[in-house]
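Reading through the structure tokens given below for one structure.
Lettered A, B, C and D in written order, each chain numbered from 1.
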Amino acid sequence: MIRIGLVGAGRIAQVHARTIAAHPEAELVLVGDPYEPAVTALAEKYGVRYCLDPDEVFADDEVDAVIICSPTPMHVDHILKAAKAGKPALCEKPVAMETETVEKLIEELKGVEHTTMLGFNRRFDPTFAKMHQLVAEGAVGNVEQVTIISRDPAAPPKEYIEVSGGIFKDMTIHDFDTARFFLGDIVSVFAVGQNLDPDLVDTGDFDAAVITLTNAEGKTATITNSRHCSSGYDQRLEIFGDKATLNGENLRADQIRVSNGQYTDAKSVYLDFFLERYEEAYARELGEFFAAIKEMRSPSTSIDDGAKALAIAEAAELSARTGKVVTL
Amino acid sequence: MIRIGLVGAGRIAQVHARTIAAHPEAELVLVGDPYEPAVTALAEKYGVRYCLDPDEVFADDEVDAVIICSPTPMHVDHILKAAKAGKPALCEKPVAMETETVEKLIEELKGVEHTTMLGFNRRFDPTFAKMHQLVAEGAVGNVEQVTIISRDPAAPPKEYIEVSGGIFKDMTIHDFDTARFFLGDIVSVFAVGQNLDPDLVDTGDFDAAVITLTNAEGKTATITNSRHCSSGYDQRLEIFGDKATLNGENLRADQIRVSNGQYTDAKSVYLDFFLERYEEAYARELGEFFAAIKEMRSPSTSIDDGAKALAIAEAAELSARTGKVVTL
Amino acid sequence: MIRIGLVGAGRIAQVHARTIAAHPEAELVLVGDPYEPAVTALAEKYGVRYCLDPDEVFADDEVDAVIICSPTPMHVDHILKAAKAGKPALCEKPVAMETETVEKLIEELKGVEHTTMLGFNRRFDPTFAKMHQLVAEGAVGNVEQVTIISRDPAAPPKEYIEVSGGIFKDMTIHDFDTARFFLGDIVSVFAVGQNLDPDLVDTGDFDAAVITLTNAEGKTATITNSRHCSSGYDQRLEIFGDKATLNGENLRADQIRVSNGQYTDAKSVYLDFFLERYEEAYARELGEFFAAIKEMRSPSTSIDDGAKALAIAEAAELSARTGKVVTL
Amino acid sequence: MIRIGLVGAGRIAQVHARTIAAHPEAELVLVGDPYEPAVTALAEKYGVRYCLDPDEVFADDEVDAVIICSPTPMHVDHILKAAKAGKPALCEKPVAMETETVEKLIEELKGVEHTTMLGFNRRFDPTFAKMHQLVAEGAVGNVEQVTIISRDPAAPPKEYIEVSGGIFKDMTIHDFDTARFFLGDIVSVFAVGQNLDPDLVDTGDFDAAVITLTNAEGKTATITNSRHCSSGYDQRLEIFGDKATLNGENLRADQIRVSNGQYTDAKSVYLDFFLERYEEAYARELGEFFAAIKEMRSPSTSIDDGAKALAIAEAAELSARTGKVVTL
């Protein structure tokens, strides 16, 4: 059994706690969070110890590995502490808000033997992961064009948007990673930012965007984002190759089609929101983390993946602000 | 060019006239119908001759082949006249309303060399015909269960129902032929008749039915009929085999999917009604008729097919009335 | 917290144990099964007590409610013991193999205050349950025709079939309950049994069947069963009403569509088999059981539902063997 | 009856001739084409006069209106001749290969009263036209993002590509018009050209492209093009609005779904190629032309639409060659 320490007791920590409870080879032993009501509730629910100082999790002898669900500004510090304590760590994305912070972290980690996984959950979504596997098996031939449609059901509160780092770092970052998952490194970015909702204009952030990415071989990825979508969380992916096309479609809570005098075969709205839509992805992400620990290998997503997605996000912001293509 | 004489100038005759006009190897030359406004309008539209006595069509020297679109009670007489005039004939279904009438016709045709095709249009529907071809090519392995859902958009007027011969001869007859198309001859029939619409009860006819057919090998066909369907003309077919399943789906006027806050991927209602839904089937039916003439062979649907579908319809009526299985 | 005792440590008991572990208001405390390796493994996995004599579960003071996952022949005895011990019980279907056994049980339970729920899991499937709710809300108007397609991926071993009680009690029983879920009590049954797989003929059982059920109002349900289906576990349901039609479709492990030179929009095969397909249904079934206990009310499925489904199964067997309609 | 003169007897002229033959209010009277075998075959098929000098069509007294299907370099001359002869004209797209040629034509037409329609057939496709109508009725709310996927089944011969004017003028021009159909005038263009097929590199043209268009209100259209697609002619359109999303899907020759041990619900490949896919659109385009003549109004697509699509194509070419955004 891998004994897990959870750093953070918030929403995503609760998702991970549930997954650990159901996992045959892992068990939760400690939760650390300065917010007492949350940490005690979580600890009680799973019958485990808790601490108010997250640092104690890294130091605890009974903890074999840690899952970092702390706020983004703490990520770099927590990743370093886990690495120095010799404990494998899974950190939720993003690593940090600025490329240079991540680069400094990568620098500091040089020479420290460590197993750090970055939680790009979509790579573990059953649909997207299977598409990736099909591509690897040659099912589509050469990947030529990637089309990503990614729209949130509704905009977060303005207060959130104002500190979010902007749509590209906050929302598109997942799509940048998905593009990299299928195309590898990106060399050129062009982004158009949109301001569709008049109420959000004064946040200074875009609430929709269209981005074109190109890799060194001239393969493209097109990303279409919006902070709102009437039908729920719209998450689609098309991989166009010279032999076949794959489409990853939205998920729904049931498999009903309704037909009446106005329309036919109408399906239910999309799962809303990411905790539901990517529930299985979060569980599989942990599966990969545990497997990497057991097999003493690097997990399939690294801090470097986080750094590269962040660099694309910064390039996209620059492109959208200047109206020019940005080369990476 | 095959020179065609049309017997009848009604709705289906107009459909055939249009198909002939567009066909490279056939041309309309004569239309015969006692109803003057209809026959003159049709003749004028296509710039052809007309006659008020349909019998003149069979006698006309310029007519190579006839298409019989007269009322059902005239079919037997017209088929015989065409056969005796040595003109290939396509007759719309049904041949007649009673099995014995058809049997008498078959008797009378013995010894008369003739090419008579019965218009079971659904066999020529692009979807159903392709399914039949796939089955013939072995795509499903052994056909084991056939499921037919066939619902009209709305009940015809009561006056029509009262003289229709009953739902099984009027409506299900097409489905009986479809069952035979995939299973061959049927040996056993069980039917449940339903009276769903209180307004139709006093017609004495059922307005919905569920029928189970079995062939000699124990393969089954299930037919579900209704005189109404909120979404239009509901015409579906499932062929279940030991290697694969084929589903033939409904047709729509466009390929739009609508997604909003209530539902997603809603499609347009079904094509309504048979002239639209089976427009292409009617054209291909004529194509088969012309090809059979040209190749001097029997057409793929015969009077015998009509007789056998009618026999099943009579068995179904008996079963629904007695609550017993009827063996053919 | 409701403290649960599990009677049985087999496959379905393990599913329930997992659900209990994840449920916020229930906890597993005891597992009883005479098969030591299974019961100790399960007890160890969840850190709970075990006993080799299932009867101890009913007697245990710490157990508030029991879930009966013992072999079918033990069900009646276990239901009675739970009832007499005053412990609410959820029993997996079927109650028993013969209608008279169930009737005797119902007789014995008279006067004993008890909460016994029968595990007809499909009623709790998110798709079927939502369809039922939509029907209750009037979304389809009057239900007129129910079409159930229910095919297993592959036949069980012959040894299983020989003691299964026959396809109608073993497999169709679920579909009979689904028909009752939407149509209420059934008054007439007609069944055609098929023997499609030559290897299974000497089991004496049918390996496929088509059944027509009618309720007192003349509404119909058509059930199409097969012991095999090339694409997996084929579980579909159509509710046809005068205002709308609902279709419940199959589930898949991902949401991929593949398009290439041979076909387009091809989806993955169906989830295979019932533990996967109805995983969520099993969890919701437990949810209903726990809710009924908490709210001190009768659960939504009763022993009576089991008795009635069993009676239909017996009528179907009789109909298929005699070729006659059977009235209930 | 509107008496039609056809200028040209090639492939698209034959499509139009067939539509005219089936149209109740138009009749073909004259075909003009210097290529004798084609013009005589077409004239004979429909029993009409022909001439080898297309100019005679414009001069003919019996011709009420002309349809210009001559090679692109003749379009401007033929449009002018029709206008000066006072005959309404429908001209196939594109008007010309260079914006300045079209502008000169528009200049010359000033002061000449004329009815000239440009054949942007996709606007008349039943699916796209209905989407446009739904948008006009407010079904999607504000249109915010348009996504166009448009891929040909296979690249044309290299000789064709070399004189085609480049992918943007030859292929994407239709998509530019579709974008304008939903977003109105475009103010900014960014295009990435791709060279995916090594065999086509030496044509000097791109064989795939991704283009982002923006209108004055900041609404976007994303176009993804490829000269090949394994599944046929891939023609899809998504209109994303704040209240709903519309998806226009591909067309197929039948409505079959195939399910077997490898995949489920596989559909047939897409209709291939534009004459099949847009067959109905061509017919409706003519319907609009005839209606405009009858109602003495301007047709819904004008030379100006041609000029504007061409200007976007030139901007896209410039953007793809320079890697810069081009403002219109």
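Note that contacts are C-beta pairs under 8 Å (C-beta built on N, C-alpha and C of every residue); 3 or more make two chains touch, one makes a residue touch a chain.
Listed by chain with UniProt protein names: A, B, C, D = Inositol 2-dehydrogenase.
The structure presented is a predicted model; accordingly, all values stated were derived computationally and were not measured.
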| item | value |
| --- | --- |
| Of all other chains, the one whose Cα centre sits farthest from chain B | A |
| Averaged-CA centre spacing for the pair chain C and chain A, given as whole angstrom | 38 |
| Interchain centroid distance [CA atoms averaged], chain A/chain B, Å | 57 |
| Intercentroid distance (Cα basis), chain C paired with chain B, Å | 42 |
| Residue list for chain A, restricted to those that touch at least two other chains | 230-231, 243-245, 250, 258-261, 265, 268 |
| Arrangement of touching chains [line / ring / star / complete / other] | complete |
| Contact footprint of chain D on chain B as seen in their complex | 18, 21-22, 24, 45, 126-127, 130-131, 134, 139, 243-251, 253-261, 265, 268 |
| Chain C residues within the chain D interface of the complex | 230-232, 250, 252, 258-270 |
| Complex contacts: residues of chain B adjacent to chain C | 141-142, 144-145, 147, 149, 151, 188, 190, 192, 194-196, 208, 210, 212, 214, 218-220, 222, 224, 226, 228-231, 234, 238, 240-245, 323-325 |
